């Protein structure tokens, strides 16, 4: 720009406040972040879907997701809406369209991924700091995979507790989960997480935000829509995780218990189905509460 | 008449910007007017139009001062939703405006969102007004560019707005489509009393269709005048990047006063003034010269009995090219023309080796395209995609230009890049991301990418699409200068100015067959062929024909030569 | 090696398949039904397999959904991906059983589980492949889903082929203009190169998509998407007809027959 310091005298009456201070996003800006995150994560997953998976024995060494794509969005834009858009985009773009839709169990994945991305995005205070980005990339995979590994392990735990079972099974499951976890962190977290992200995020910083009419994230300024650091958030996160476990079990109780102890259903009766319904209710209530909270925050800041 | 849009000392600054984008704008637009908003890049045209429907300041939240009243509503105190019932907005990249799968859903989307029970009737009415009822059940991705544009227009018309804003209507549709759209807008304006605001670069459309003109410069209007008065200020317009229409230039060159709005008017004016130019003296030699170059040609790419087709959504094979034979020689500047779906892009992709034909063979620079991978063919032919942003893969123009030569391990890569960037006059922008450049600069950057590949054949898909007149002329000039570094160039284009001023050979495709292969002058003299291929010659060519000049002038420069002798006679 | 135009397993083919799937252009039984009934039908077949451990019943249920998938005219890409997933799961199951020293019973139990999963998966393919985005999002609205999700479904379906094509173009550009190289051992070098292209392609894709999303959302704003008053109008368009009732009734009967078969001739 040739003239940068031109002070223009405004003769009209100034309406509202002077801009420049970071303020909360407008409803449509949130929609924009959400839609963008949905579209990009959808494409990333679609590309991944077409690459065939490689499985060595029982250990899956494929890339579970292109972490760097949603990570770039949560690190640069509003983490809440970007983190919400990414897993929903995956479900809509890939799972529904490709017939990979597993019904209510999808909600487990959405909650886990949302939590992982939301927390990771809030960790990146300076999008040009490669260390912060690397930590955030690994955090996504650690949180997401830890939650699902916990689900897997507890499935076995429940299955083993009252079944006459093969010696050493828990150990081997633990070993397999451990190897799977390590492979995931290496492949998804580092190879397709840290390495692309430390290049992509600084490259996009300051370039993508103006396209959306937003201010780039500046170190030192509070991040809009970042995860609150208080007990309330931790409580909600834990509640969400528990709800996601229950969703996982809705699918899993049959797999584990059904296989090894078919008379299980007779023992507990079909009433156990209500556990699933309860899980759905919890997740729904938490979702409503979150939406309320977000709306109230938006209302109070405007 | 009453004012429907009134702006009073309006200022606006985007968040994070260092300067106001609109500065103390005071303006009023009468109901029923047909207004063209003109001005250079960054003059605030689009921002101005976004204040009409409240996107500024409700969507783009920045500092907002002054008052804007639209149909009596203060935009600051009302919402985008309220204003949308009065103002409809059609975007330049209208394809992104279409969010629903079928045309009918798209058109009914607005009324339905606002909870209007008569949404179906409104949708049907809007489609009928634009004559696209027959498209109602089509999927939006099946539409041609022109049809998609009309759909976007219908989708705002269904709200029964009193004002319609159309951002650069000509940018992404072919000339015939652009005229059709303007005819529809004129009809809406005349028969339904809708106020139309267009952002437009092309003087010929402004003078033909608009009633008044607002010239924007640096965030404020310079003036708002009736179209005849505006057209008379040709010098001022030219200074703001809006060259006068060719026919106005033509009259000025012949020293005939007046600003004709159509070619017929111009011809009458000139005839009445007794101007009857004969052919420019240089033209015959020119023709001879062209033939001289073509005397001992080396074939750069040769296609023989080419046929190709695509699978459709229904699973059938849709033939696109039938039995095409085409040889392009060194020194050729070929323009591929023809309507949408004639097979231009397909032929270009095949020639460049991006795809291989289903039938027939292509020998590119001595290599059969079937025998080599496309990455190796990229050393022989550079293919420039239609949308420049698809070619900006790196974070700076320099990195993009460097990608190919550095990848091929050329030692002189850096020097080559410097030379190429200098050639397209982009050295000072070399470190910026290509997407942040203006339209004309983006095209020149893609040319630089192509040049740095040192190809024998350069293929460009619509290199002048969506450019304003000045940028278009600079791209044409650049293509002209570059002809010495590449053996041959082929462009697929709708732009008849490019055909007239740059090409030495025109290949007309229709339904996948070559129906003509001739010089531009021969093309513009053939009425039947023009009609068949849906082409509209540039104004200066049409004027030449109207006045019976032979050979036809293809540019204003040639016209000047043609009228120069008369002027000297008159003076003597 | 000579190049030729491929009709399958190319970028163009994937794009076409996406469009065909997304817009249910193959027709099929469920495409003509009310979306709420299709979702209901799906839930019926998604839940039924979990209520039994009778191998006969599970097999019968699998046959029902396989027939439904045939009636829904599921395309080759989706079916192919499903089959690949299905068979690798089977292999994995056998391998796991063998590793943990399981016997024939364990194997049968694992087959049973995989059949159940395949049944649910096929039902979801048959149902969701048949619903065009408009119908699906209206159906979701009618069932009380948030407006944002309903829009996301419809927008996602529309944009995906476009975005995928854009990705293809950018990827081609990178392939043509980047440094060529050897294939390497087992094509590993080529694989690595393609991996880096896939990652690099996201830089332009991010920026280009951001630009088009801006226009989309602005236009949504001006056309009242956020005004959010159209829910009832949209839902009012749905109607449950004879076909819907018939299909669901036939399915319910088929499922009951499956359970009946299971109790009379149990297999495991």
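Each chain gets a letter, A, B and C, in the order it is written, and its residues are counted from 1.
Here, contacts are C-beta pairs under 8 Å (C-beta built on N, C-alpha and C of every residue); 3 or more make two chains touch, one makes a residue touch a chain.
Just so it is clear, the structure is predicted and the values come from calculations on it, not from any experiment.
**Q** What kind of graph do the touching chains make: line, ring, star, complete, other?
**A** Contact pattern: complete, every chain touching every other.
**Q** Comparing the two chain pairs, does A-C have more C-beta contacts than A-B, or is it the other way round?
**A** A-C
**Q** So, what's the distance in Å between the C-alpha centres of chain C and chain B?
**A** About 40 Å separates the centre of chain B from that of chain C.
**Q** List the centre-to-centre spacing of chain A and chain B in whole Å, with centres computed as mean CA coordinates.
**A** Roughly 43 Å, centre to centre.
**Q** Once you find the CA centre of chain A and the CA centre of chain C, what distance in Å lies between them?
**A** Each chain's C-alpha centroid was found; their separation is 21 Å.
**Q** Two-or-more-chain contact residues of chain B, please, as numbers and ranges.
**A** Within chain B, residues 59, 395, 433 contact more than one other chain.
**Q** Note the residues in chain C that touch 2 or more other chains, in rising order.
**A** 155, 157, 203, 207, 211, 213, 216, 218, 220-221, 226
**Q** Give me the residues of chain A that touch two or more other chains.
**A** Only 28, 203, 207, 213 qualify.
**Q** Touching residues of chain B toward chain A in the complex: what are they?
**A** Result: residues 8-11, 13-16, 18-20, 23-24, 57-67, 76, 395, 433, 436 of chain B touch chain A.
**Q** If you look only at chain C, which of its residues touch chain A in the complex?
**A** 14, 18, 21-22, 43, 46, 50-51, 53, 74, 78, 81-82, 84-85, 88, 92, 95-96, 99-102, 106, 109-110, 112-113, 116, 120-122, 124-125, 128-129, 136, 148-149, 152-153, 155-157, 159-160, 163-164, 167, 198-199, 202-203, 205-207, 209-211, 213-214, 216-218, 220-221, 226
**Q** With touch defined as at the start, can you tell me which chain A residues reach chain B in the complex?
**A** Per the touch definition, chain A meets chain B at residues 1, 3-4, 6, 8-16, 18-20, 23, 26, 28, 203, 207, 210, 213-216.
**Q** Quick one: which bits of chain A touch chain C in the complex? Just the residue numbers, please.
**A** Chain A reaches chain C through residues 27-28, 31-32, 34-36, 38-40, 42-44, 46-47, 49-50, 52-53, 55, 57-58, 66, 68-69, 72, 88-89, 92-93, 96-103, 166, 169, 172, 192, 196, 200, 203-204, 207-208, 211-213, 254-255, 258-260, 262, 265, 270.
**Q** For the complex, give me every residue of chain C touching chain B.
**A** Of all residues in chain C, those touching chain B are 2-5, 7, 12-13, 16, 19-20, 23, 25, 132-134, 154-155, 157-158, 161-162, 166, 169-170, 172-180, 200-201, 203-204, 207-208, 211-213, 215-216, 218-230, 232-234.
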